[in-house]
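So that you can tell them apart, the chains are marked A, B, C and D in the order they are listed, and the count of residues begins at 1 in each.
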Amino acid sequence: MTELSHEEIKHHIKIYIGVFVALAFLTIVTVAVAGFHLPLVPAVTIALLIATIKGSLVATFFMHLGWEKKIIYWILVLTVIFFVVLLVLPAVSSA
Amino acid sequence: MSTASAAHLATAEHHYEDLPFWRKYIFSTDHKVIGIQYAVTGLLFLFFGFCLMMLIRWQLAYPGQPLPLIGNLFNESAMVGGIMLPEFYNQLGAMHGTIMVFMGVVPLAVGGFGNFVLPLQVGAADMAFPKLNMVSYWLYFVGGVIMFASFFAPAGAAQSGWTSYPPLANIASVGQTLWLLGMAFLINSSLLGSINFIVTTAQLRAKGLSFYKLPFFVWAQFITAFLLLLAFPPLMAAAVLQLMDRLAATSFFMPSGLVVNGVVSQLSGGGNPILWQHLFWFLAHPEVYVLILPAMGIVAEVIACNTRKPLYGYKAMVDSVIAIAFLSFVVWAHHMYLTGMGTKMSSFFQITTMIISIPSVIILTSLALSLWGGSIRFNTPMLFAVAFLPMFGIGGLTGLPLGLASADIHLHDTYYVIGHFHYVVAPGTIFALFAGVYHWFPKATGRRMSEALGKIHFWLSFIFINGVFMPMFIQGLAGVSRRLYDPTQYAHALPTQPLNVVMSWSAWLLGLSQIFFIINFFKSIFWGQKVDQNPWGATTLEWTAPSPPPHGNFTKPPVVSRGPYEYSVPGRKLDYVLQSEPAEAPVAGAGKVK
Amino acid sequence: MEALIPYIAKPHPVTGVTNSKLGIWCFLASEVMLFGALFSSYIFLRTGSVDWPHGSQLLNVPLATLNTMILITSSVTMVMSWASLAMKSIPKYRLFMALTILLGLAFLVVKSFEYAHKFEHHIFPSTNTFYAIYFTLTGLHGLHVLIGVLVNLYFLFPGSALWKTNPDQLTGRVENSGLYWHFVDLVWIFLFPVLYLL
Amino acid sequence: MDSKYYGWGLPIDISTNGASIDQLIYVIHGLMALLFLGWITFLILALVRFRERSGHKAEYKPHHHFRVPTLVEVAVAVTEVVLLCAFSIPTFSQVRNEFPPKASALHVRVVAEQFAWNIHYAGKDGIFGKTDVKLISPTSPVGLDPADTAGADDIITINQLHIPVDTPVIADLSSKDVIHCFALPVMRVKQDVIPGQVIPIWFQAKETGNFEIACAQLCGLGHYRMRGFFTVDSKDKFGAWLEGELMKKTGGKVG
């Protein structure tokens, strides 16, 4: 990242402001949606959908994952696989 | 390697020499010093854990009889008139497991051998983050001290088994809180250590040393580091939850409506003890692979070097190790078949357990086939490495009946389970660690350990270790439960009680036979036979550095152009070719390693 | 005294990353598993319980929304502080880093108000399992925010001396601290709806 | 407790489900012995034949690729699939899922506590009296609600499990304090008893005799002495025992 030229970084800053606005907006949307008191399943799906969008915004732009190297992607793919296994864990006990 | 010349290396070297003693040996950032610190502390805790076991064996062989000689050394809460109390027996059992796994074998196999040998074998000057490496040793040390001190806590150390199942662990004495704190330190020590291993192997390999030219030992440590990195945090989370349960009276693992010795519990309830078991075994199964993979790495190095021929099926072994790493995350619930789990889930975990047995068989078979066509030298490291194969074989095979849920109904939580995992860990991993100590002792000290004492140590240990663990299968089939303070209470355990006497005597004699190793170890540091930098005629990079290697390891950063096990290459005078030997024009017949 | 270790400031020719970046991402992977285990416990406890309360009734949602805004802003100022370093402007770097630290502290202050309010009403982790997992999750997250603030404080004052000797290394270090900070913000982004809104 | 029940190997099997479990254990141990013997002979052969000696050199590239081991590995994989699908999964589902019809089965509740097994019989009316945790006291281990008439004829014994032979028994396992493990070695029955849950198990005895209940999960300092008595009576002897217990409880008044 360190060898970016000045113009590129100025361009990046515009992106960061844009991402910030999007995140703020999505936060308000999440709170608004919660106000409707939807039944559990739709409420969960919407809330997690918005959270995932916000999360991927932060990860892609703030954490520069958008243009990261292959080795980092490999480690993240590995972690996501075992993260999913971890989240499936509660289903294991009730099955 | 940047163009920094050897001169620059020399100045770094010179600067290191005049560091004060406590910076060079106590808070050292040299991976070799840290490796030796881990190894020595690990060996001490292994011996301490062994002594706890020898006490347990007395109570199992002669239940209720006063312990001769040292019986009255213990205070009232442990032994009354030399007769062991059940609480103390449970402490010995829980701490024997915890100390041997988390403070003995893992620090020795991953901390000791990994730290000392891995940077040398990848041709690096040191670990990627030397200060982080020092921090992870001292976190381990503090964790070890807390665990050791917990014996002197009021009502003693943790006594709910090394698995600490709640609600028993939640209502246990303060020793359990110290156990959780000690575990927090040990977990974070292994976590930071694994980051070091991954970055060193990925980033600091010598020029030309591609991943598939890495010695199998490096592969084993690299994959073990991923297991540590991704499997330990869930146990950290579980430890946080149990600490909250014990200190903040939350009820993560405490269901509602509990009545503990006659008193209705005032806790809010709503928790579930099975949650701890899931989180614990989510770590503990990758943890048992953390115990065995470095051992397989050591055995592979020793076998390749002492059969004077390349390993058979190196690529298949590497792929199997990767497969084991993935599968180890989806088998954990085969420890929980009898917790009321449904048949759908138990079938899933039986299938994954059977699948994971295949890569282990592949690795074991490849190691055995590597003997075929070799010229086998039976020195002490090779004796231990060869003995590892059948012993780990028994450990692996006896895992099958436990992996099948129906057979596990009878064998669950019996001595069959104890025999199974001890065969994998004791004559398995610990024999491999002995092989590693005998094999790399010359590299660490410049002197060899005595072969005579080594062979006595091997044969005595081999005989007595089987004397301890083989009868366990007979007791297991008879249905004798584990963790019983006094097995003679049960009629179905009475016929196998004479076996307990045989096993206890074998255990004590096994303890005595370690004296040959201890004498050999300390004697050889000062008076061992001096050797050059490659006494075994091995090929991997650590044997190109002087013994003991200076700070910064290699005077000239090595360049690698050959496979890890170029032994008995036709058309050459010496029967080994160092990995860092420049590749001359391809000579007919001297094909690259497959 | 490290022996000669390459790729501290310059990325590795093949993997393309510096040692510390690969290291920080490995650490964040383990943190994902840590919070993953806690979220898994949350799901485990919620599916297993009979009367799981709605977070929105028991917890102060406007305060938490404010906290979310604070943390998002601190993420932006964090990445701006890194961008200023990349543009070799130390004063801007100090400004944005100070802002990030202040926002981090603001988050902790709001969080302590929330906790104090609960303790006054005799609501403790032992009250019920919902509050237990609420205090544990937000407490551990708050601890991570505190550690992030301390690390950033180090980089604002003593750490920035590295700028004179090895600017690339400082930029790399601030970037890693930024990655950690964004991760902590990311955890809160999931924590907020799960605990407060569902 | 004569010793023809227990020995060095598997204890006597008096359960209808036991045969399939024992069969699986014997089959798999046979395969393990076969595999180990074959493997050990190869190992010893290789060690002797390729030991270091003058005039013998190691081969750099083994001239023949080993086909046998891959065949053995495939065979091991296939046998494992067979063991799974033909033996283990069906047996486990039989034990866990195929409960006998309630009408024809004796229904008991087993409430484990630190260091004893409380067995709760429904008595003649076949209905368990209500129990409440708050009513638990040394004299009433399961907290039977005296006000509930259905409970009047219930019988609660400590460490005494009597069942009639050749009759399916359904046992609801629960625990008051920590995790225990209800084990009947001769019945090949073993099931963790988790506090906060009621786990039903079923078993049926083929023979009469006096056996024992074991606790197989560490449950504290008294774990080793949590031994119960498990007696399989003939049908009428069981009836007589039940009657005797009722008499003891109601002090001779008609239940």
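Operating definition for what follows: contacts are C-beta pairs under 8 Å (C-beta built on N, C-alpha and C of every residue); 3 or more make two chains touch, one makes a residue touch a chain.
Worth saying up front: this structure is predicted, and the values here are computed from it rather than measured.
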Contact-graph distance - origin subunit C, target subunit D: 2
A-B against B-C, pair bridged by the larger set of C-beta contacts: B-C
Chain centre separation (subunit B, subunit C; CA means) in Å: 34
Interchain centroid distance [CA atoms averaged], subunit A/subunit D, Å: 48
Computed distance of Cα centres, subunit C from subunit A, in Å: 14
Set of subunit A residues in contact with two or more other chains: 71, 78-79, 82, 86, 89, 93
Residues of subunit C whose C-beta touches two or more other chains: 15, 17, 22, 26, 29, 33, 36-37, 40, 44, 48
Touch-based graph of the chains, sorted into line, ring, star, complete or other: other
Chains touching one another, given as label pairs in label order: A-B, A-C, B-C, B-D
Subunit C - residues contacting subunit B, complex: 1-7, 10, 12, 15, 17, 19-20, 22-23, 26-27, 29-31, 33-38, 40-41, 44-45, 48-49, 124-129, 132-133, 135-136, 140
Residues of subunit B touching subunit A in the complex: 202, 226, 230, 234, 272, 274-275, 278-279, 282, 326, 329-330, 333, 341-342, 344-345
Complex interface listing, subunit B residues touching subunit C: 1-2, 4, 8-9, 12-13, 15-16, 19, 29-30, 124-126, 128-130, 132, 191, 194-196, 198-199, 202-204, 229-234, 236-238, 240-241, 244, 248-252, 267-272, 275, 278-279, 282, 551-553
In the complex, subunit C residues that touch subunit A: 15-17, 21-22, 25-26, 29, 32-33, 36-37, 39-40, 43-44, 47-48, 56, 61, 65, 68-69, 72-73, 75-76, 78-80, 83, 86-87, 168, 171-172, 175, 178-179, 182-183, 185-186, 189-190, 192-194, 196-198
Subunit C-touching residues of subunit A, taken from the complex the two chains share: 1-2, 4, 6, 9, 12-13, 16-17, 19-20, 23-24, 27-28, 30-31, 33-34, 40, 43-44, 47-48, 50-51, 54-55, 58-59, 61-64, 69-72, 75-76, 78-79, 82-83, 86-87, 89-90, 93-94
